[in-house]
Every structure is written in structure tokens, then in C-alpha cells.
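Below: one structure in C-alpha cells.
Naming follows writing order (A, B, C, D, E and F), and every chain is counted from residue 1.
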Amino acid sequence: MLHIVNKSPFKYRNLDTCVRVSEKEDPIILIEDGVYAALKGSSIEGLMKKTLEDHPVFAIRADLKARGIDEVLDGIEVCDYSCFVDMVEKHIPYSWL
Amino acid sequence: MFVNRKAPHGSIYAYEGLEVILIFGAYDQEISAAFLDDAVLSLKKGQDTSEIGTKEFSATFRVLEAYGVENRYVERESLEQRGLTEEDLVMDVEVVDGATLRKYMGEQDVLLPF
Amino acid sequence: MKFGILVQEGPYNHQASDSAYNFIQAALEKGHEITGVFFYNDGVINTTKLMDIPADDRHISKRWSDLGAKGIQLIVCVAAAKRRGINPDVLIENARIDGLGQLSELCIESDRLITFGD
Amino acid sequence: MKFGILVQEGPYNHQASDSAYNFIQAALEKGHEITGVFFYNDGVINTTKLMDIPADDRHISKRWSDLGAKGIQLIVCVAAAKRRGINPDVLIENARIDGLGQLSELCIESDRLITFGD
Amino acid sequence: MLHIVNKSPFKYRNLDTCVRVSEKEDPIILIEDGVYAALKGSSIEGLMKKTLEDHPVFAIRADLKARGIDEVLDGIEVCDYSCFVDMVEKHIPYSWL
Amino acid sequence: MFVNRKAPHGSIYAYEGLEVILIFGAYDQEISAAFLDDAVLSLKKGQDTSEIGTKEFSATFRVLEAYGVENRYVERESLEQRGLTEEDLVMDVEVVDGATLRKYMGEQDVLLPF
């Protein structure tokens, strides 16, 4: 199962439930405003580091670039739309809207 | 599986989501519905929207079983966070923890969010 | 692989419509099939031909119509459309208004159903 | 007192439109003046006359039009309207499409400006 | 200044900033999904109790009724649309959308 | 006063909000703009939306001063929560704490949220 998160973690509590309702090793992909979770030195860095211990986390390059984020938190893998498609091919997706 | 996470009335997703569940039920597919986060509030007893003017639909959840939606799950922590218990809900559901819900979600071909 | 797409938000107001479009482009480039795009909730507003967009911005409904011209079915939920003033008179070419049952069909026909919304 | 109203969300999809309407009704009942309702962002979709609503539900655009008939000005932002396919052909009666400058005027004319959105 | 909150506190972090950017005694009115903050025994009861120490908090009756909330947290005043109008008459409103 | 709280790109509010600020500036009113919560992200340097296809507008904030928007506030805690500093922003602003921002908000006749 692939968890798609498109919400800013500073505004929404989405990520908390996503992490609670997920299995170890389930990949999480950050898209749209969800990529703000990749910011370094933010107040949710702790939550993200904990998340990264259990899950591979990806963030869409085009969305990071749009938001001026050129350095992401260690462990988050930057991924383009083509890799996003590959991941949906491999896993059943659920969008945490 | 319908995985509902939004509160009713403030936006239409819960209501239009329910419309989808009913149609899918009529199409005779094997379907299930999960309620977590604010979607558990859709199932709260005693809702009366007459004074805000929007459509009331919580009573419709009671027909889900008749529509073939045999599996109806509510995530325990979502209920507890909102100070609710199973007795506060308009329909019979299976209350499960996050890990169990994840297991059920993992058995599905399609996960539709509302 | 066969991908079905569900779009739940209107154009410009949310990125959902753009993300869906970008996802579809990438999937097509990789040789996947798009079984259809279903527009629900405010997503139906993507399909009005009355949009009037400055030349320096993307024209979202035209972009969808062009995708429909390539043979990808664009289905607009009739119940959601009626609530938001979308009817056959204002519908873009290559899209059709149809019932929610078509979303059920789309789920059955597709290997994956992915939702873009808010 | 003079109240100006800003509506930022579309009908049915969010409660903002209903809350704005209920607020206006209560204000009018108390003898206040409504200087105008400005529709911005997806709020412009409130003003399409193409909505087709079941008899057991409120008809949001008709409700606005009726309010306009009582002399309350309903102003639809032209830039926001163009993006969402709202133009004079589909506009409800008693509303007008106009520029953002009218929102500025509304702020000046009103003692209070209250926003309903998402 | 009147703070209008229309978001569920379980989904959004709105209320946190509202409380941070407010003055003691500023009234807060809960409307739409914002009235879920009035639920008894919820996980945000602590935040609300703290808020109630510094602010008068109101919740719209029609919105509470729509959501089946017939008992509100002690200290929250139930208020109809007419009283909402009175409050906007008394204070400059800001909506925490 | 424009009190912006939303992130850019994921939704249009930040962009359409900026359009309102520019028009009000042109109407020659005395206006001010505050950025808190996710709206501080609108001001982040280095944004390039070419690959997602939406309009880029962060550069436009630089003209606010020329448009008569003399008071431009950013709330400190909103910046810090996102790991940003004043140097990360595209325009000169006054960084204030929540209490100070509340004081400024209290001096206004109109507070428009975007």
C-alpha cells in the first residue's frame, strides 16, 4: 500500500493518522503541499525522523522545486512523476486528503 | 473500500461520498467502508441540520447494511479522540485499531478517499 | 498497466487537477493505459468550456478536452455537475456527463484507481 | 450597522455559502444594512443560473438572486469568474460581474467586512 | 477583535495559532466544523480549557445541532445567529480559515 | 489589513489573495499585509513552478512596497516552525511576535483572510 500525502503538516494533522494507520515499510509519497514535510529544521522534523525509521519517504521533485525547497531532510528520496507512476504500479494507492 | 476521513456539513465530501457508497452497493460489488478521523463524526447520533439548511444524511448510514456494505469499520483512536463511543453511532460497526484497519485496507483492490 | 483517475477538486483553486494531469502525462509516456478520468465533487468544474484564461497561464479545461480527443474517456458525474451548474450546454468536447455507476465501472476496469483531491 | 460580506467558497461543496446566507438573514432581521456580497475564489460559482437542484434541497444560486432582488448588491469578481467558467451568459439575475476594486469599495462603505470561506 | 474559527480542531492546527495571536479577553466564536472543539471528553479538551481561561468562547447553536452536539464543554456559551451578528457589530472580525 | 495564512501552489488562495493586495494598493488605500502560518512559505526564495505548470508569483511580492503596502509583517513563530529565517524571504518584512501582530491587527478596520 502506498500512502499519498498532499497536505502541509503545519496546517493539517493528516500525517499523524497516516503514520498510525500504516504498516512498517509502507512507502509514503509527499506531493503538492505535502512536500513541506521535507523542510529541514522545522517543528515537525521529529515526527518526520520517526516516520523515516519505519517508512521509505519520497517527495516529488516538481513540487519541491515549485516551493523553493532545494535541500530535503536526510532520508527523504526525491522522486519525479515517472517514479511516482512506478510506485502506483507497484502498490495500491490511498490519498490522505 | 471507501476510506472516509472528513467531517459532515462543513463540506460536502461526507455526503457525496455516501452517495458513491450507495451506488456501488446497488452495483452489487463487495464493498466495505471505513471511518476514521473526522468521518466518525458523520455517524454521530442526533444530527439535525434543519437550522443550517444543509441536507441531513446521517440516517442514511443505517441502510448501508441493506445495500450490501457488510464490512463497516471505525477506527478506535479516531472515536476516542472525539470523546465518542460505539453507543454514540447511528449504525452497527466493527471498532478496530489502526493496525487492524491497515490490514483490511491492504486486502483491497481500490481505496477511495472521501 | 491500466490506471483510472478520480479528480475531486475544481481547476485553478486546488492543485489536484494539475497533479492528475501531470500524473497522466507521465503514465502515458511510460506506455501505461488511462482507462478514464472521473470528475466528482467540485472536480466537475474542470469540464466547463466557458473558462476564459490569459495566454500566459495553462487552460485547464482545454487541456482535459485535448486529452479526451486522444481517446481517454472523461466522465463527469451528473449529480455533482447539477449542483455546480455544469450541463451539456457548457461541457467541453470529448467529455460526457454520466452516472456514478461509471465510477464503479472504472474501478473494475482499472488495475489502479488513484484519487487527486483536497 | 453596515455589513459587507465576502464569500470565498462555492455552493454545496463548503458550508461557507450557507453560513454567509444565514448571517445575512439574521443581520437583516435585526435591522442592519448589507452593503453587498462579494464573491471571490470559488465563491463565484454561487452565481451560476445553471444549477439544477432537487426539490428537497435548498437552491443556493436562486437564494442569492432573490436576495439581490431585494436590493442587496451581488458582485462577482471578473478575474476569479473567468478562471471558473462564470460569464454574463450564465450569471443569475440581480448579480453583476465586476472588478476587485469593488471589494475595496465595499470595505470602505461597510462598518464591518466579514469573510466566509474554507 | 472577534476570532471566527470554522475548522475542526482534530484535522487542522488553526486553533493553536488563533490562541497565540490573540489578546486576553478577545472573544472566539466557533462556527461550522469549528464547533467540534466544544465536544466533551475529546483529545483537545485540554487546549480548550486553557483557551477558556483567557477567552470567552461561543459556539453557534445551529451548527452544534447539525452535528448532534447537545452538551458542550463547560464555559462555552451557546449562541444563535442573532448573537453572532451582535458580536460582529461589537468587534472587528477575523476568520481563521 | 490582509492577514494571509495559506501556502502557495497547493491552492490558489495565496495567489488570488496577492491579486487583491495589488488592486487595493492601486486604489491608494493605506494597507498592510501580514503573513503567518503557511503564508510565510509564499515568501520563500527560489520558487520555480515551471514543472508543475501553475503560475509562479513569489517575485511579485517584491513590488508590494512600490504599490504602497508599507507595512509588511511576518510572524516569528510561523517562520521558526518552518525552519526559515528572514534571509530566506523574497522581500523585506518586519518580523514580529504573535502579541505584536495582534496589536497591529487590533488597529485595523478590516481584516481580510487569504
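Here is the rule we go by: a contact is a pair of C-beta atoms (placed from the backbone, for glycine too) under 8 Å apart; a residue touches a chain by one contact, two chains touch by 3 or more.
Being a predicted model, the structure only gives us computed values, none of them experimental.
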For chain F, the least number of touch steps when starting out from chain B: 2
With centres defined as the mean of Cα atoms, the chain at greatest distance from chain F is chain B
When chain C meets its copy chain D, do both sides use mostly the same residue numbers (more than half shared) or mostly different ones? same
Is the number of contacting C-beta pairs greater for B-C or for B-E? B-E
Whole-Å gap separating chain A and chain B, where each centre is the average of the chain's CA atoms: 26
What are the residue numbers in chain F that touch two or more other chains? 6, 9-12, 37, 52, 54, 109-111, 113
If you look at chain A, which of its residues touch at least two other chains? 6, 10-11, 32-33, 62, 92-93, 95, 97
Can you list every residue of chain C that touches 2 or more other chains, as numbers and ranges? 8, 12-13, 15, 19, 22, 41, 115, 117-118
Which chains touch which? A-B, A-C, A-E, A-F, B-C, B-D, B-E, C-D, C-F, D-E, D-F, E-F
Please name which positions on chain B make contact with chain C in the complex. 12-13, 16, 19-20, 23-24, 26-27, 29, 109-113
Name, in rising order, each residue of chain E that touches chain A in their complex. 10-14
Seen from chain A, its contact residues with chain F in the complex are 6-8, 10-11, 32-33, 36, 39-43, 45, 61-63, 65-68, 70
Which residues of chain E touch chain D in their complex? 4, 6, 31-33, 62, 80-82, 84-86, 88-89, 92-93, 95, 97
What does chain C use to touch chain D in their complex? 10-13, 41-42, 45, 48-53, 61, 82-87, 89-90
